[in-house]
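Next come two complexes, and both contain subunit A; in the first it sits with subunit B, in the second with subunit C.
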Partner chain A sequence: MQVLTRSIPLLITGLAGLVMILSAFFPYTSDWGKIAGNFFNIIAAFAFVLGGGNLLKIHLKKVSDQSEGWGYSGVILVCFITTLVVGLGKLGAYPNPDFPNVRLSGETQSSGGFWWAYEYVFKPLTATMFSMLAFYVASAAFRAFRAKNFEAILLLGTAFIILLGRTFAGVLVTGFISPDGPLGGLRLEELSVYVMQVFNTAGNRAIMIGISLGIASTSLKILLGIDRSFLGSGD
Partner chain B sequence: MIKLLTNLDRRWIFLAMALCVAVPILVIGLTGKTIPETPTPLAEAFFNEIDTAGESKGRRGHVLLAFDYDPASAGELSPMAISLVHQCAQRGLRMYFMSLWPVGPQMIDESISKVIDRHYPELVYGEDYVNLGFKAGNEQVIKVMGIDLTTEFRTDTKGTPLQQIPMMKGMTSLEDFDLIAEISAGYPGTKEWVLYSATQYNIPMVSGMTGVQAPLMYPYYPGQLKGLLGAIKGAAEYESIVNVWVREQKFAEALVAGGMDEAKAQEVAAKLMDKPAQVSTWTESAEAADLDPKTKAELITIATAPIPGEFLEGQRRMGPQLFAHLLMVLLIILGNVVFFAQRRQGGRS
Partner chain C sequence: MSRVGLRSVLILTTLCTLCASGVVVAAMASNSAAAPPEPPTNLIAVDKPWDGGGVVELEWTASVTPDIKGYEVFVHQMVSPLVGELETNMQADAEAEDQTQEILEGEGVAPEDADQQARVEAENDVTLTTNEPEWTSMGIVLGNELAYTATGLDKATPYVFMVRTIGADSTASANSNITTQLIPVAAWFDGEKLPLFCILGVICGAVFLFVLLARNGMPMKIRTIAGLKAVDEAVGRATEMGRSILYINGIQDMDDLQTVAGVTVLGHVAKTAAEYDAKIEVPTSRSLVMTAARETVQASYFTAARPDAYNPDLIYYVTDEQFGFVAYVSGMMTREKPAACFYMGAFFAESLILAETGNSVGAIQIAGTAQPSQLPFFVAACDYTLIGEEFFAASAYLSGQPDQLGSLKGQDVGKILVGILIIIGVTLATIASATASAPGLAGLHESMTSAVDFLVNTILGS
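On to the complex of A and B.
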């Protein structure tokens, strides 16, 4: 069984990784990369089905065990199954004008129940969830953003520059400084661009280089079979 | 006062934030006034890159528009997506829409319906724009598109084989595009397009993104990313550039239709754009003596016609953002006043 659970997956991983690396550096092998990519895309499409199955399994178990918060799981299941049936069955969707007698020939993106669920349920709900961040950030700004030490003061100063510089308030506050004069760079809208392009870019580039080196090292470990945690065996 | 602030119920903060957002929305909605925007070099670079797409190859630009976002971030990203399609449509570029996000096709449909269907009905599907839809596989889709486009996309969203779509002729891989314009809300998004297409195949790329993502993408500007729009501020700046440019283009088109030669029309259009309120006076000047009354009337209509609401969404949203940011600054100051007062009291005791 070790062959099926360990050796073959390790071989596939090593080969796929090697092919992708080769295809990036040698044009002759670009077709190999395409084949590996196609396999990946097919597996990614299957992952949607697997994800749906996993969601059903977890929440059916929660409802069946009546564990804490099982009511929410019930809501998820009802919404999931309803959307799936309405979408796959193309309920309410107009048939394709070329095939008016074939009910399933229509598309669900601009008519029918699936479109309705997207437009009037999914869209407002996700937008609401995202909008709520503004309230929590405001509350956090009042309670947690303290000038406790020098680093915190630097952070606060930067926050003020960005918060004001990214709106018309920046123009109002420092509008008296001539944009073409020697102090033009001190206008808040200019300062906010400077902070983002110089300090932010320098810091982020350093982080990115570090992350990239880390990714390269981890990837090599996986491809060479040294790191086997992705097999889920706890090796 | 300090005691009141110390024990301030956070629901008051929520109410203040709600008012800071709701009141400007209502006022801007009722008056139609927006806050003026001064474009930054990043927004100008974004605009210029699209404006010159395809010029190096001496052809009509072929632009890949990747809309990788969902309704959660549509409030921030839709205005820039709409302005992007607006500029491409006005410029006469060929638009290839696609998405790596499952609900991306709805975002594409929204932009097509608000811009092309309403304002550019003369554009033909399959000849001027095509919707390739969503493809699962994240960055791997980009990698395969770099090698062979038709392997990844065999049909468009309507199920039409790509071979039957006129504007897909000769399009075999990412290298056949003159520009990639990406609107991104996260993963997969700008970073993946930079890593697997713009860098690898040296394709010019511009990107608009959420405020959370923007600081992480600045390191790619101006090397891999030729233009960058960060959040609603970037959208508002770009929108204002596009709106001014479109009006100028319409002035030029009207002047050319009225018999003026193209170079002169561009020059006059730029002059009219400087002072649109004085177009009526200009039409009576000696410079406009050769123009027929129909052209003059059209110029006045272009100058006075209000900009459609969908092309002002970014600038409208800067109103709530202004007051929300001011509230945040105020809250930080008040929070620190409480903090220092408490620290002083603690020191005394």
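On to the complex of A and C.
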């Protein structure tokens, strides 16, 4: 069993990683990297069926046991099965003009129940969730910008410059400073650009360098089999 | 109209005609003055050596016409011999079908002769058509430039090139000589990536070396990472409160290294949860992540000698859709109020929604991601945040294995290398800037500018 659960997965990981590295530097192997990527897509496609099965199993069990919140599971099951039937059955979709008598020849991206559900149910729900982000940003900003200590005051000051500098109010507040004069750089819109281009970029690059080195090191650990915890056999 | 009046009109008409002729003659003279410029000569195309293919370098001798605007480079993609023959046959077949009927009706020949005759004529027509190059402009270079690098070409197709001179009044010259057919093939090694290859070699070599040193007993020290130290605290809190632990592994698949790093941290969190007898719930947005997470959590429960406590139903798939996943998890958090929330992996716009919801239910929250744009949100809403490299170091930190700690030391060598490159780059750029207008230092300025250019475009650009 050790061979199946540890050795073979490690071998596949090492080989796939090596192929990806080779394909980056040796042009004749560039197609190998694409093939390795295709293998992943094939496995992921099969796993999607696994995911659908798992979704059904978990929520059917919840409904069957009538455990806490089983009503929500019922809603998930109804939505899942309805979408599946409407989508796979191409209900309401116009047939392909070349095969007008074959109902399943149509496509679901511009007509039919699946398209309708996507356009008028799924998209508005997604947009609603996304638009809630604005309120979360406001509440997080309110908490983050409380001047509790020196660092928080610095953060608050920087946020003040950036937020005001990107609005018309910011331009008005420091509008009395001549843009061509020696103090032109102190106008809020200029300060905002300066903070973003110098301090923010420097900090961001430092984080990016750390991330890149971390990725290189972690990849090497995984390729060499030093870190096996992702296989469930690390310790 | 009187005779005098008629004569006047005739004279006027004659004068107008003469004037008009004069204008035309003047215009013709003016046109002949703006003769098209001479084309460039000796155009040569060479496949760029040590590249990944698809690049051709062109050089030519300047046009003899002075005061030109520039040169326009043209390319014609030849069809490969096999494809060319196939295409010619297909086009000829199609054309022969049309011509057969015309020959039958127009010339009254026998059907079999008409077929044959049509086929021959069609082949001639198609060959004549396909032999005419279809020139595509690749761009215009300035008049003082006598070279061009053609990029983005197909590595397996032959090309020919031609250049025209663009005169000061934008008139184009005749074609230059056409280059010989050239296939921009790839070399066995992409030389442009040599600096990157060397840097990668140094970093990987350093990681290797320190792993070996660690195995041989060299002590490795790692600074305390507050976010990882708080894992025990968070799990302990969940146990005391009798509530669950929520672990979100990002919304990307297993081909993203952040997800892999997240699964690694999950193993350690699950082991602690198993030891404390706390309930850990892992909703995932990818099926493969669910499978990997189940394997990892199961192994952790085995390691903690609690295999009986492992419940695979607590690690489940929700949906691939970003906001569908967020809606499910946020709803679940509001209803079940987990005591501890972990967000480890690749996150996008959902990061703040999840973290703020967790904050609103009073959970202790630990996040880790390598998405720089999401870090501020986690910092604002979570109790602890693993920033970038700390997230990738988590596995080594939590396991404490010498091998893994050694890899972190190797990473430090990479940081030193980057630091050295930054100092060199800043020094060179400062000298280049300071000597830009200094008299007598033009040579130094040029050298420094070239060095900065090499550093930025060749070493960092690779």
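We take it that the second predicted complex is superposed on the first by the 219 of 235 C-alpha atoms of A that agree within 3 Å, B and C clash if a C-alpha of one lies under 4 Å from a C-alpha of the other, contacts with A are read in each partner's own complex, and residues count from 1 in each chain.
As a convention for this text, a contact is a pair of C-beta atoms (placed from the backbone, for glycine too) under 8 Å apart; a residue touches a chain by one contact, two chains touch by 3 or more.
Please read these numbers as outputs of a predicted model, since none were measured by experiment.
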Which superposed partner A:Ser178 touches (first subunit B, second subunit C, both, neither): neither
Which of subunit B and subunit C A:Ser7 touches, first, second, both or neither: neither
Which of subunit B and subunit C A:Ser229 touches, first, second, both or neither: second
First, second, both or neither for A:Met208, with subunit B first and subunit C second: both
First (subunit B), second (subunit C), both or neither touched by A:Gln109: first
Touched partner set for A:Met129, first subunit B, second subunit C, both or neither: both
Partner chain in contact with A:Val137 - subunit B first, subunit C second, else both or neither: both
Subunit B versus subunit C as contact partner of A:Ser67, first or second or both or neither: neither
Touching partner for A:Ile58 - first (subunit B), second (subunit C), both, neither: second
Subunit B/subunit C common contact set on subunit A: 24, 30, 37, 40, 44, 47-48, 122, 126, 129-130, 137, 139, 141, 143-144, 204, 208
Subunit A - residues contacting subunit B, complex: 20, 23-24, 30-31, 33-34, 37-38, 40-41, 44-45, 47-48, 107, 109-110, 118, 122-123, 126-127, 129-131, 134-135, 137-139, 141-148, 156, 159-160, 163-164, 166-169, 171, 189, 193, 196-197, 200-201, 204-205, 208
Subunit C residues touching subunit A - in the complex, by the definition given at the top: 52-53, 155, 186-190, 193, 197, 200, 203-204, 207-208, 211, 253, 255, 257, 260-261, 263-264, 267-268, 271, 286-288, 290-292, 295-300, 303, 313, 316-324, 326-327, 331, 335, 349, 352-353, 355-356, 370, 372, 375, 377, 379-381, 387-389, 391-393, 395-396, 399, 403-404, 407-408, 410-411, 414-415, 418
Interfacial residue positions of subunit B with respect to subunit A in the complex: 8, 10, 13-14, 16-18, 21, 35-36, 38, 40-42, 70-75, 103, 105-106, 109, 135-138, 140-141, 143-144, 147-148, 151-152, 157-158, 200, 214-216, 218-219, 221, 230-231, 233, 318, 321-322, 324-329, 331-332, 334-336, 339-340
In the complex with subunit C, residue positions of subunit A that touch it: 24-28, 30, 37, 40, 43-44, 47-48, 50-52, 54-55, 58, 61, 69, 72, 122, 125-126, 129-130, 132-133, 136-137, 139-141, 143-144, 204, 207-211, 213-222, 224, 226-227, 229-235
